[in-house]
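Presented below are the structures under discussion, each in the form of structure tokens.
Okay, so subunit A shows up in both of these, paired with subunit B first and subunit C after.
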Partner chain A sequence: MSATIAEPRLVLAGQWTLFWWKFRRHRVAVAGLGVILALYLVAAFAEFLAPFPPDLPNTRYTYAPPQALHLFMDGAFAPHVLGYKVQIDPVAMRRVFVENPAERIPVRFLAEGPAYDMWGLFPMRTHLIGVDRPGQPLFLLGADRLGRDLLSRVLYATRVSLSIGLVGVTISLSLGVLLGGLSGYFGGAIDTIIQRLIELVRSIPTIPLWMGMAAAVPTSWPPLRTYFIITLIISLIGWTSLAREVRGKFLVLRHEDFITAARLDGLSDLAIIYQHMVPSFLSHIIAAVTLAIPGMILAETALSFLGIGLQPPIVSWGVLLQESQNIRAVASAPWLLFAPGAAVVTAVLALNFLGDGLRDAADPYA
Partner chain B sequence: MTLLDVQGLKVHFPIQSGLLRRTTGHVRAVDGVSFAIQPGETLSLVGESGCGKTTTGRAILRILDPTAGTITYRQADNTTVDLASIDRAALRPYRRDIRMIFQDPHASLNPRLTVLEIIGQSLRVNQGLRGTALEDRVADLLRKVGLRPEYLRRYPHAFSGGERQRIGIARALALHPRLVVADEAVSALDVSVQAQTLNLLQDLQEEFRLTYLFIAHDLSVVEHISDRVAVMYAGRIVELAPTDALFATPRHPYTEALLSAVPIADPRLRGSRTRIRLQGEVADPARLPTGCAFHPRCRYADALCRAETPVLAETEAGHIAACHHASTLELRGITA
Partner chain C sequence: MRDYIIRRILYMIPTIIAISVIAFTIIRLPPGDYLTTVIAELSASGAAVDSGTIAALRDRYGLGDPSYIQYLKWISRIVLHGDFGLSFEKNVPVNALIWDRLGATFGISILTLLFIWAFAFPIGIFSAVRKYSMGDYVVTFFGFLGLATPNFLLALVLMYVSVRYFGQSVGGLVSPEFIDTAWSWDKAIDLVAHIWLPIVVIGASGMAALIRIMRANLLDELYRPYVVTARAKGMSEFSLLLRYPVRVALNPFLSTVGWMLPTLVSGEIVVSVVLSLPTTGPMLLRALLSQDMYLAGSIILIASLMTVLGTLLSDILLAWVDPRIRYQ
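Take a look at the complex of A and B:
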């Protein structure tokens, strides 16, 4: 008998330990995981991180450009921004903002600012950064056409856009696992019906379908209800690929020898599904879900950009992009386009890298 | 006192085609197989890939449902039951008595479970063992198959192929079975590990008074372990005899061809024997040839073989063969 001389750490390593070891070697995916965690933290604490509420206008500073954050003043650490001076551009005949070195606005950490309810529950006034007096300009990413702080709006939009991805994927996953599981487990006529349904759903062009359904949502509905309906519409397409994934796994596993062995051991069908099958494809499902979230986010962004998704006063990345699609914004306030655009690209890229890494790690025995 | 009596076992799979899944034919994987296993003996089923030997084993365990035939199993209290016809739900007590060792030691162990969970599964389900009682039993089983009991919490990926197959054997033995169906139990192993595993199986047979149905494609493996050998071709048994008689005086041309392929370990004897090369492929069980299924590949075939299907007939005591010319042909065997 050849003794297995291996590191004790390895021989005792279970599925998830191996999963993590393999995932850890995928550097880009680990970076993606970091970015995603940071983004979801932003989503969770948007009220606290944003210096202002997303809809607080400041009519003196419409289309104000981004300010530079100066960290030192006269050699000492004293973060501040410079105030704006209004000049008239004689050629274009319009107002332009320039920095006013004479006006220094100190930026305070954990400053008292406009009141808000944390998670809609706890009344608070403390913001991560803020200014001393209300009305003072602090536009690190610039201001929009009503003088609202774009940074605050992007932070709040992160919450809506990322949660649409999560909620949408949850609905897709429930539908996908249920229908895919039925299809793969029972086979036969049920399988045929569900697979033909999936083919039908997938053959419909998505944008016109979404447009049709989104257009049917009454504009008089409250924003929250619209939000959920839009999420539902997006996930009505998303479930099909997950259902196929689950069905495929069921079909493969059904004929594995260790499943036969479990049946011979006297395990019931339900016990086989929960103790053998689900653990075998759980990691694959997690990877598939991670790769499905960016699709959801892009779908929401696309719908909102076309003006048929979420509507103001809800702020999502798509809504922000939609607001920036006019010649004035593109010509003289490009930050309105870049900030939410960069947020979308960052989130989608990070999720894709993370999903790639998870997929590679999903089969630690391969 | 027969332990297991298989009579006229058939397993056919429908061939479906077209959009409406109409049945256009049948694959006759097992087409009328009969044999009996006595308590304490080892009966081997041999044949090429696709001859139906694995399907026969799986039908006995009711992993597959037989199309026809009876599988009469004699229980410890001497009552008999037909495993081919009883309801799947009523199979549970018999699945404790008849256990299986799988061919592929990689696919048959769930990589996500520890050795304790894999071997202990049947004990947990059937005997309600938990905690230290379960651990003690599994550790005991590991010792029995020659593995260290400390390996309890390791995962299958930490073991070699031979060791994994020992885990599979321990799993089969956990419930004190009476009959073990070993489906190509050593085919996936190296030759040196094969010998160790065969010796282990023989030791365990003595210790637990086990009966084996040993499914294999390699006659040199079979010679070592079996009391009797059944040769299968295209879903049927073509010859069944005590091991010595089958190896020394085969009565079916197919057996002769299989025997001529057994490698000779002694290099001085190399070349002293001509190898029979069979022409063509094993018969397609969906479109069997007329008459004797082996006739397109048989070097002794004549008009009778093409026209009529031979039946199994006794040539000597306990030696049966399905060949029209069984009594006239002088076939070469292996003299040990």
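Take a look at the complex of A and C:
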């Protein structure tokens, strides 16, 4: 305690300031925060960042491998990629693309490209990067079986996959706070029933249950409806860990002096919960929520990968991974596996690091 | 101890009933009922649909009745006769299809659990004792990576590596030439050569989680006064470690079986689709995609029940090891 006396700013600092100071010391978590912010920016501006719309086919370049981006030409800064030449592989007897050093395709910044509606509202043509003429190949992460640009598809998929995490965790959180709160605040029979319910949900293997529910979603439904129902299915099972967290906090706080004082002052249950309890465990909830999002993302990825989650034309990381479901596709076009796979791993890793840091910082007085 | 076991089994009954209701709901989820599918299939194959057959089937599955009667008919046939209904894609009883596959699923899950324990335990201890060493950082890094990689992705990457760099295809539980042969030494050796891949793939994330739990638990204990006392009395570092702090840290470790088993069964189902293992995964997926609902529902029901039973066994084991639990 002597340190706090020596440093008055520690005593005077509010809860959130302390939270931030403690969080800042956890460097991996700060890096995680940076990555997550960047990913959500990508999700927000996917249309602008992607060189092409996600479903624009280019039949000349099916399964074209990734191109290297060359930054300099003859000593001057002139970003370009090399065109493709088609050769026949004498062993496997199939077409393969090789670089064609003779054909240089300049890559323009803020180029005019295919038209799109920004956020579905503003018609625009400007892309962050693009090529001069339509039909010219620009496949920095390769192309898929219809010659669609994988980079653009991964960027658009970021929006869907990350938003499923957010929407799903919001539903889970509402359920978790409601049931966990009831359970922890009132205790007794309500607590027992809700705890049984949580144990029930946790004792069933999640994937078969998700599969059973997701498979019942008719494939003829419009994409948006499928999206919401799949999110709902995922969060219906994901709420238990959040409920446990909330219940634990309620149980601890229920017997704190300041809660007893508030109750003796005649405050209603709801007022006690919202004015006194929620602020004191909010930071814990934020940490728990951050740690719950990766589970949602992984669940959506697994379901879509199996072909019973989201359906094309929606692109999510799982939908993209579905293309590499069999080993033949993976062996001939490994970028279809590695590009979306790397996106999933990066997002989940960053969220886990961020969540760990938040959890450590959530006890600023420890 | 006896009281604890009885109470624990009584607690299980509502869970089992709830699981059967969930499984039945899933069977009924797709639009239309069992008979519509059968009639559609019969008409599609050109067979004349006999109205007597339809009436008999309708009565057998209670399709004219309200939902709860249908549920009761369904569940009592299962409980009294072990009859899980017909798989209408293959037109054979569900019973004839599922048991081998369920056995394989649980065999692999339990082997994975043993594998996780065998490795997570020493690695976790090492990681805690040599905190912030190079080895600890390596373990922590791979641990986080293991947690962040979906296991089907790991399976695909490993398959890619083995095809690309070792020129051999993996997948299945035995090589193709052994699939329909009787058990022999060669087949057993071949099985061992195949089974490690699914075990490693399914176990990766669970192992990463357990290593972190073990490390955190042990770190809580390592600097306690009783450890210092034992050290001051001149006990050797190794026997001190195993005799006191590891034993205390072991308890939360054992209690992980409860949530580990459902996770492993889940993971096994996705991974087996990728690696085409002869387990419930590919069968469940096929059944769901072709809306063969009695088959799918039965798989979900039995897989969940076996998980609950496994959890019960592990709880009893835990209570046997730790008196604090059985007197709760």
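Quick note on the criterion: the second predicted complex is superposed on the first by the 350 of 366 C-alpha atoms of A that agree within 3 Å, B and C clash if a C-alpha of one lies under 4 Å from a C-alpha of the other, contacts with A are read in each partner's own complex, and residues count from 1 in each chain.
As a convention for this text, contacts are C-beta pairs under 8 Å (C-beta built on N, C-alpha and C of every residue); 3 or more make two chains touch, one makes a residue touch a chain.
Remember, predicted model here, so these are calculated numbers, not experimental data.
**Student:** So, A:G307: does it touch subunit B (first), subunit C (second), both, or neither?
**Tutor:** second
**Student:** Applying the touch criterion given at the start, work out whether A:G341 contacts subunit B, subunit C, both or neither, answering first, second, both or neither.
**Tutor:** Only subunit C; A:G341 stays clear of subunit B.
**Student:** By residue count, is subunit A touched more by subunit B or by subunit C?
**Tutor:** C
**Student:** For A:A331, select first, second, both or neither according to whether it touches subunit B, subunit C, the two together, or no partner.
**Tutor:** Second partner only.
**Student:** Have a look at where A:G34 lands relative to subunit B and subunit C in the superposition and call it first, second, both or neither.
**Tutor:** Touch status of A:G34: no partner.
**Student:** Taking the superposition as given, does A:P223 touch the first partner, subunit B, the second, subunit C, both, or neither?
**Tutor:** neither
**Student:** With both complexes superposed on chain A, which partner does A:P134 reach: first (subunit B), second (subunit C), both or neither?
**Tutor:** neither
**Student:** Tell me the contact category for A:M211 with respect to subunit B and subunit C: first, second, both or neither.
**Tutor:** A:M211 sits against subunit C, while subunit B stays out of touch.
**Student:** Give one of first, second, both or neither to describe whether A:P294 is in contact with subunit B, with subunit C, with both, or with none.
**Tutor:** In the superposition, A:P294 touches subunit C alone.
**Student:** Taking the two structures together, which residues of subunit A meet both subunit B and subunit C?
**Tutor:** On subunit A, the subunit B and subunit C contacts do not overlap at all.
**Student:** Quick one: which bits of subunit B touch subunit A in the complex? Just the residue numbers, please.
**Tutor:** Residues of subunit B touching subunit A: 61, 63, 92, 95-96, 99-100, 102-104, 107-112, 114, 121-122, 125-126, 146-147, 153-155, 157-160, 162-163, 171, 196.
**Student:** Quick one: which bits of subunit A touch subunit C in the complex? Just the residue numbers, please.
**Tutor:** 196, 199-200, 202-209, 211-213, 215-216, 218, 294, 298, 301-302, 305-308, 321, 324-325, 327, 330-331, 334, 337, 341, 344-345, 348-349, 352-353
**Student:** Where on subunit C is subunit A touching in the complex?
**Tutor:** 11, 14-15, 18-19, 22-23, 26, 29-31, 144-145, 147-150, 152-153, 156-157, 159-160, 163-164, 169, 171, 258-259, 262-263, 265-267, 269-270, 273-274, 280, 284-285, 288-289, 291, 296-297, 299-300, 303-304, 307-308, 311
**Student:** In the complex, go through subunit A and note every residue touching subunit B.
**Tutor:** 1-2, 4, 6, 10-15, 18, 256-258, 260-267, 271, 276, 279-280, 365
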